[in-house]
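Sharing a structure with you now.
Chain nomenclature is as follows: A, B, C, D and E, assigned in order of appearance, with residue numbering initiated at 1 for each chain independently.
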């Protein structure tokens, strides 16, 4: 059998992780030029567990187009890059259990006709979002009458809302909260979340059981187990609130 | 000034009045004055680089000139003298209208390589004057016949010998039925037989009343065909007069030495 | 066959042996046979389109020929006759080596527009033969002096008049110090003064023992300068011989009528 | 903060310049080879070059980059990212450059070949001394087009983990969720880079204005 | 490799491809005509017009199409000008490529020996007619290859429209990629579709090249 990537990582004494640098607050470059964000810091926690030091890590930054090829080709050991577990994807990628549950929020201008999530399903609504499978499906499901438009990045979708190109914007809770936090006098988040919870998980090349087992176990220990404390602190730092309490994976 | 000449009198067709032109710092035409009467055939002779081609090009306004004025049938060429003394370029339309009446045959033929021989002849009359293709074709074929190239009408210029291209260029200018014809060394690529033929053509054109200005190095040709001859050297018009006067009794020293060389060459 | 001639004997320098060439269906050279002895100056005359330029180009293998063989100093031009009768193109190296010994001046000069006058002259000796720039420059300047263009050495061809370009082209061919010189209507753009000068140049070249083949329409020039004259018409070599024989006692009907026209033209 | 952003963009611009120069160099050499094959080469090779041109130009560069960078390891070729980008980008734009050169070389009149041959020049000499310098003038403006497109296409390297000017701009934009000013800043940097290149081109073109 | 899901999503890709073709046709027309205007300005007898032409070329050619599209799409509404995403994309691509194509036209025309223009003028043609009847047909054969380049670049530049929510081929492929996590299959398919569209345009240009052969003359 082939050598497991896990051995390679241990021998190399460093992990290579595919992350994003343009998805605040998950992965971005901060004012001091440091690559950081919830997912990037979580990747460092993974490195700490795998090779004993959060700084023994090499961050491989790709756009959305390149994140899956990056792990499939072996250029990166695994990826942490807002990848939602999605049945079609699971055929070709291996996912660990999720490291975060995220919800989808809708942002509208203050004083908009759209007062509730139910108002979205209307011919006059232009609903903007990123061009991801989950967003597209949600738009179809919850606002079939509305016109849906899709952008490459959240910032472009936000710009569309600002410039009036769209009348509502659905986004990952992290991005939506950050945006409204900065533009609170002009925009509001509608109450409630659009659809169910998403599970973002670590992804890797399929067929490497030892590595998958190790990653999955480490994620479990952070999210549900012995290292929950570190995870909770990280979560609080980036999202300003307590994480959901420890729970078995199949809870939702 | 020359544009005050009333066009009703039997005026000279072309009046070149103290024309001057420079390429950058180099003055290539210096105060050239010359008139060509309607029906005249004027030969321009002179050493290489003396400005003959440049003068011919100015008459067609292919070259602008900075000083003096050229008029054709009382109409100034290319340039308008404003009452306040300033010079203004005429409109493209005016310039094109003038050129359509002035035929020119170039030293380098300048045939259109993407058109065949017949198209080279018909393109201008059809597109400029909007004449119907039928009569223009007739005329073009007759001209090709006359220069001995009727069988080459569907060849492209690159498939013709030098002399053949030369003759096509002459025919092309004639298809426009110009009233003034400018010829720049049109016989240089022609053999003696053809020189004779072209000479016939030119003589018959002169009989038709077409005025011509001919730059040439062949003195025999100049002498035979022209009603007057002008000699240029170093951008100046040195002497002009009847062929007899120029060839037999040259006044100017420069012309005399030029003629001497010529006779020395021709004695052979 | 001609390539069997032992090079030791005082053999003709150029042997053209039953050469034939077609452009597609058109046969432009028909069984042309001709020899040029070393030191000879051969003038090729004939009506326009008779194949003079084409023959000259074949001698330099700028044009391939389908039938017959041309040899220069016993070496076949461009084509190898294999023992089994097939013809094979020689290698580029062989062809280039031959051309380097054969100078050519084109009807349209074909100067290199991106090089100035001096560079046009020095580029081939320096870059092709690897001669040192110093002596080549000397030689080039001397030649420019001889054609009266030393002061234009840093001009570009587009800034020269037709006659000036023509003279640069002649100087360019001479800078290569060729043993055979091919000239295609080199005097066509020259005024009588310059024709005289070029004539002097050519005469002195002949005295230096350079063999020449000259295409020309100027009969006086042909007669003065050449040791033999060949007359072509419709792709055939009709008659050749000494200038006296050709000009005074033409045998062939076609040549006689050609000469008649010429005399008619020159009587003027 | 503004200055630190500008510095950050400047670093990205340096990467962009480096990659661009590499790509343009490869594209020029390979493009000239392709053009030569098409015009004067052995016919089957010429057709092959034409087919290469059609395919290479027809496929998006992004796809080529992702396809090659992530597949090369399978072939046992673990080249550094910049090398892959320079090679793949260079070969890709070579197909465009080849078209430019082909048109320019063909536009040099046949009489120039005659003149060179008559002086005893061999093909290669004739080509380098007579034909190429004249073709250069005609090819310059369209070649500049290709070069500028190449510069701007270096932004695609962020898909395979590379980082350059656009990536830097996007990172700044996403940090602040203000993408438009960031992009305008990026555009300004591009303008400086591209304008410098096109000014060099224009200067050379002017110097060659002899016809 | 497993292309099953691609077949299942064929309609999505085909709709994207149709949009790409529509964008490309709009931009090709706009840029071909705009290029003429730009070349006209650049070669004008009047210095101010030449300056305008040169300025336009420099600005358009030296900035990324992405930024131009963003400015048109997101910037203009703040000035009260509303264009659809499609119009914005076509306009941005037309403007930028007018600059590129204008330069190509200019290079081609300047390569025709000035004597040709003189001969046409001497026959009494107006400058415009000399251009149409004499110069353009000769320039065309020198210009076709680089023009083909630019046409293909336009086709692939249409992908930038995905950044402003135009549902063209690249956007469709990104969605498919995101859903399936099958980059190689998706990219291969998309590359083939782009190749087919480009080959179509290249084919048309080959026909033109057949009429105006690109060879030493």
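We adopt the following convention: contacts are C-beta pairs under 8 Å (C-beta built on N, C-alpha and C of every residue); 3 or more make two chains touch, one makes a residue touch a chain.
Here's who's who by UniProt: B, C = Arginine ABC transporter ATP-binding protein; D = Amino acid ABC transporter permease; E = Glutamine ABC transporter permease.
Predicted, not measured: the structure shown is a model, and the values here were computed from it.
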Fill in the blank from the handout: Chains adjacent to chain C and to chain D under the stated definition are none
Exercise for the section: Quickly list, by label, the chains bordering both chain B and chain C. Expected result: none
Handout entry: Per Cα centroids, the chain farthest from chain E
Key = C
Practice task
Averaging only over C-alpha atoms, locate the centres of chain A and chain D and give their separation in whole Å.
Solution key: 37
Completion exercise
Between the Cα centroids of chain B and chain D the separation in whole angstrom comes to 50
Exercise for the section: Could you give the separation in Å between the centres of chain C and chain E, each centre being the mean of its C-alpha atoms? Expected result: 51
Completion exercise
Between chain D and chain E, the Cα-mean centres are separated in Å by 18
Exercise for the section: Could you check chain B for residues that touch two or more other chains and list them? Expected result: 108
Fill in the blank from the handout: Where chain E touches two or more other chains simultaneously, the residues are 70, 74-75, 183-184, 217
Practice task
Please list all residues of chain D that touch 2 or more other chains.
Solution key: 62, 66, 70, 137, 179-180, 211
Practice task
All pairs of touching chains, please: list them by chain label.
Solution key: A-D, A-E, B-C, B-E, C-D, D-E
Fill in the blank from the handout: In the complex, the residues of chain E that touch chain B are 115-116, 118-127, 129, 133-134, 137-138, 217
Completion exercise
Residue set of chain D touching chain C in the complex reads 111-112, 114-115, 117-123, 125, 129-130, 133-134, 137, 208, 210-211
Exercise for the section: Spell out the part of chain E that touches chain A in their complex, as residue ranges. Expected result: 5, 70, 73-75, 77-78, 85, 162-165, 167, 171, 174-175, 177-184
Problem - chain D partner contacts - residues on chain E that touch it in the complex - result: 58-59, 61-67, 70-71, 74-75, 100, 103-104, 106-108, 110-111, 113-114, 141-146, 148-150, 152-153, 156, 159, 170, 183-184, 187-188, 190-191, 194-199, 202, 214-217
Handout entry: Of chain A, residues touching chain E in the complex
Key = 64-65, 68-69, 72, 86, 88-89, 91-93, 128, 131-133, 136, 149-152, 156, 159-160, 163-165, 203
